[in-house]
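Single-structure report; data block below.
Read from first to last, the chains carry the letters A, B, C and D; within each, the first residue is number 1.
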Amino acid sequence: MILQMICPDRPGLVSELAGWVAANGGNIRHADHHTDAGAGLFLSRIEWDLDGFGLSRAALPEAAAALEQRLNGQAQLHFSDAMPRVAIFASKQAHCLQDLLWRVQSGELPMQVPLVIANHPDLEPLCAGFGVCFVCVPVAKATKPEAEQRMLELLAENRIELAVLAKYMQVLSGDFLQRFPDVINIHHSFLPAFKGAQPYHRAWERGVKLIGATAHYVTEDLDDGPIIEQTTVPVSHRDDVDDLIRKGRDTERLALARALRMHLHRQVMVYRGRTAVFA
Amino acid sequence: MILQMICPDRPGLVSELAGWVAANGGNIRHADHHTDAGAGLFLSRIEWDLDGFGLSRAALPEAAAALEQRLNGQAQLHFSDAMPRVAIFASKQAHCLQDLLWRVQSGELPMQVPLVIANHPDLEPLCAGFGVCFVCVPVAKATKPEAEQRMLELLAENRIELAVLAKYMQVLSGDFLQRFPDVINIHHSFLPAFKGAQPYHRAWERGVKLIGATAHYVTEDLDDGPIIEQTTVPVSHRDDVDDLIRKGRDTERLALARALRMHLHRQVMVYRGRTAVFA
Amino acid sequence: MILQMICPDRPGLVSELAGWVAANGGNIRHADHHTDAGAGLFLSRIEWDLDGFGLSRAALPEAAAALEQRLNGQAQLHFSDAMPRVAIFASKQAHCLQDLLWRVQSGELPMQVPLVIANHPDLEPLCAGFGVCFVCVPVAKATKPEAEQRMLELLAENRIELAVLAKYMQVLSGDFLQRFPDVINIHHSFLPAFKGAQPYHRAWERGVKLIGATAHYVTEDLDDGPIIEQTTVPVSHRDDVDDLIRKGRDTERLALARALRMHLHRQVMVYRGRTAVFA
Amino acid sequence: MILQMICPDRPGLVSELAGWVAANGGNIRHADHHTDAGAGLFLSRIEWDLDGFGLSRAALPEAAAALEQRLNGQAQLHFSDAMPRVAIFASKQAHCLQDLLWRVQSGELPMQVPLVIANHPDLEPLCAGFGVCFVCVPVAKATKPEAEQRMLELLAENRIELAVLAKYMQVLSGDFLQRFPDVINIHHSFLPAFKGAQPYHRAWERGVKLIGATAHYVTEDLDDGPIIEQTTVPVSHRDDVDDLIRKGRDTERLALARALRMHLHRQVMVYRGRTAVFA
């Protein structure tokens, strides 16, 4: 059982939350807290064994609401054994999609993938090899609203809780994000450097000595969403743009997989455009 | 105020400790816990503001003893504003000593250095430049017991609480360590590789592609003490032994400074030959 | 075209080799050299365009032999467009095998994989998905000589030039290695730490703060072969042995893939139990 | 002896340069080349022993000029035993200056420091401790031209060949740089992220998970000069701006020291706003 709580800071909160878990018979396995003094906010993540916990699943929403009211904050309760339904979005590049599907198959990522959506047909065989349903939804400028509508229907039909953009080379509209806000993306630069298109080309032109990747939550402001994880890899004058792209694939795969794993274990809390990552 | 507690694991401990702080009027700023399931142990580090805390300094030892008895564990209470008296041991190499003295001077390391002990006179001018007392205690095989006796006296006279071996190229005897157990060392390899003498020479011979440094608590078993921090740096066939030594200096400096800083902030807890580092 | 030359050091060698390439109409794209002063050896790797090069493929062996005689050294000539036939050995763990097959498929590794050999049947479906021939050769203590004989026959029948041990949990005998010496292995520790079995378990017990992986050429002395590439990843007290194994998979994959890529690009030269890596 | 040559690419250049060294009796110790296909440029760095080299020091300029004419390029010849005269510029922060002075003193950096220039008086005692001449040249908006004039005179009087900005918090004017172009700077972000002022504050606001430092040659376009070296260090939500500044100090020190060392060993070649670093 995992509780994520965010509320105004005041003395006694750790004691109050830990006391609430203990009073209901929960044995705390991990507890981590953070106070943002500037924002006056207290963030907490507490994980405890479901075994022996006194509240039934049915009673949890009400209990969480009571906590929220008492602390004037926002609480989320998650079951540690949950396997959220996640859709992966892709375009033509295989590496991130392939990596995620393999990690799901090998048990590294506690999630189900009922659906892969792509705007190109290239990756269908890869999905077939993993036994994962693949739907191609082409996107053109003129048809983008219809395409997004179709994707939203697919997400709804498949009861998808989270979308992961695994090198999906399309920008999701603000309208889409309002209707389906839980989206993680991998950007191929150490943001905020090289926001926007073709970061590797621009990194080569600038002559940087390291390239990077950034996994972040998607917001309407392109490449400005809360950052979850960043990785870098050294490059040199010997590397041309193709080498940067090749080296970047490994760092993209790792950054996305790590970010997604932390998200799934509910180690990431978002507030004020930033994340606290209780890893 | 920082509490470090280690005790047998059982439900309710987080709540109990946080409740104890809250009951005495303490506002928790950081709290971190770890359960070692195999060992059946619970480790906790809680930090709170001294402002408004209800127990006087004089009342603390008794309060800690009561906590220990209740939880059948070991508690340590530290004042966040403490500036422990630390002796640095060195030989001929300047880099770690110089780095630590500079960090103390610039306020990075919350400690005082009343004393530097060295078995060679070379580093006296460096210490003079920082206004730090330098005592040369030569060590030869035949005179080692007397030398260690002299050093123990110096530590006692100067009320030293911690000794840091900053490239001190002598082995402290078991007898010394029994009488003065709080010692941190920097070893110039990624332990357990290249235990013992001349790790860079042996690293070169083995043809490794990375070298490292390990900061650890000193125990009687040479290079087997609990590890606090490890760092590595890439090397190549172009690097000869002198290059390894040069590159190693930077990674040694960083590993030792980081380990010492975490120790001074009471972020390190030792149990069963290992450390939990609440960084 | 790539020339690897190793010979006794003397003045004029760079000029002599570059002159030889130029005299035959080759345009040098990369040239890298290393002198091991202690060993008195000169190592050189020169890469040039095949376009316009005056020697025919048929004339190359004789030309190389002439160079060897003149410089009293050992020369190897490789075609940059070669796609060597590589066999991958595995056991039950999929991650390295899967990663290599995917990199071959995506064009990252210039090699063919006509054959995967495993001592367990588990990975057959994975190979089938990539359209790669899989042969299970079980190994038991009593049958090891026959098993190795069978594997040598498979390597010969398939004209295999290099074997890659991708988490193959068996030790190849000295006899095997004498008959098939070109073998690369991935060991799951930063050698020479944790040589031998169960490095992650022993790393956990020792309480290290980083774990690693080492790709190396295989020799009869277990885990003592020339090191090609090493990587590390930080771990903490929060990681149990399973976490170390999970985190290790990523670093193993990367170390093996990088080492193999450099080997295939003929960037690695072995001498005196060490490697020079012209990356 | 080190030759740096940059010229239009054509076949035979490696042979021609190596042949020139050999013809004059030089024994090449290192040779490294790079071809930028897009730019059509060939870059070469060759290092050889001065012992036995047939050209006298006096004859070298003419020899270099002849080479330049023959290859239609730019050649630089450096003596490996040179100890260039370097001025360090600083403001109030000690860490980079202190680190460089210590490395010079310990023989890590082959250079002399006849002069430290600062726009504040704070670091005078530090320089005095190292026996280095310190001149305070305050800079105000109105007096900047005079201040720069004074600094140029100081550089000239002291026959300075290179200026290193070690956290010098003033922008040098284009006029200054035209008259003294050889300047290396350390910027406290992984450029091009957080160009301009207060990068750590902006990094905190953006919520990045790594911070960095960039050592680069200074050009009139602020923070856009050719990058020599970049380093990064992980940060988390626990780090406030002061933590970023503290962690950044270590990565700044390392990036600047490494860049400067490579520059002094003539391993860095600049072309088209980029560097080739033959490390």
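The rule is short, and it goes like this: a contact is a pair of C-beta atoms (placed from the backbone, for glycine too) under 8 Å apart; a residue touches a chain by one contact, two chains touch by 3 or more.
Per UniProt, the chains are A, B, C, D = Formyltetrahydrofolate deformylase.
Computed from a predicted model, the values in this text were never measured in an experiment.
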Greatest separation from chain C - chain, by CA centre: B
Cα-centroid distance, chain B relative to chain C, in whole angstrom: 41
Between chain D and chain C, distance of the C-alpha-averaged centres to the nearest whole Å: 37
Overlap residues in chain C, where contacts from two or more other chains coincide: none
Category of the chain touch graph - line, ring, star, complete, other: complete
In the complex, chain C residues that touch chain A: 94-95, 98, 102, 106, 108, 129, 246, 250, 254, 257
Complex contact set, residues of chain A against chain D: 34, 36-37, 190-194, 206-210, 212, 226-230, 232, 236-238, 240, 273-277
Chain D to chain C touching residues, read off their complex: 10-16, 18-19, 21-23, 25-33, 35, 46, 52
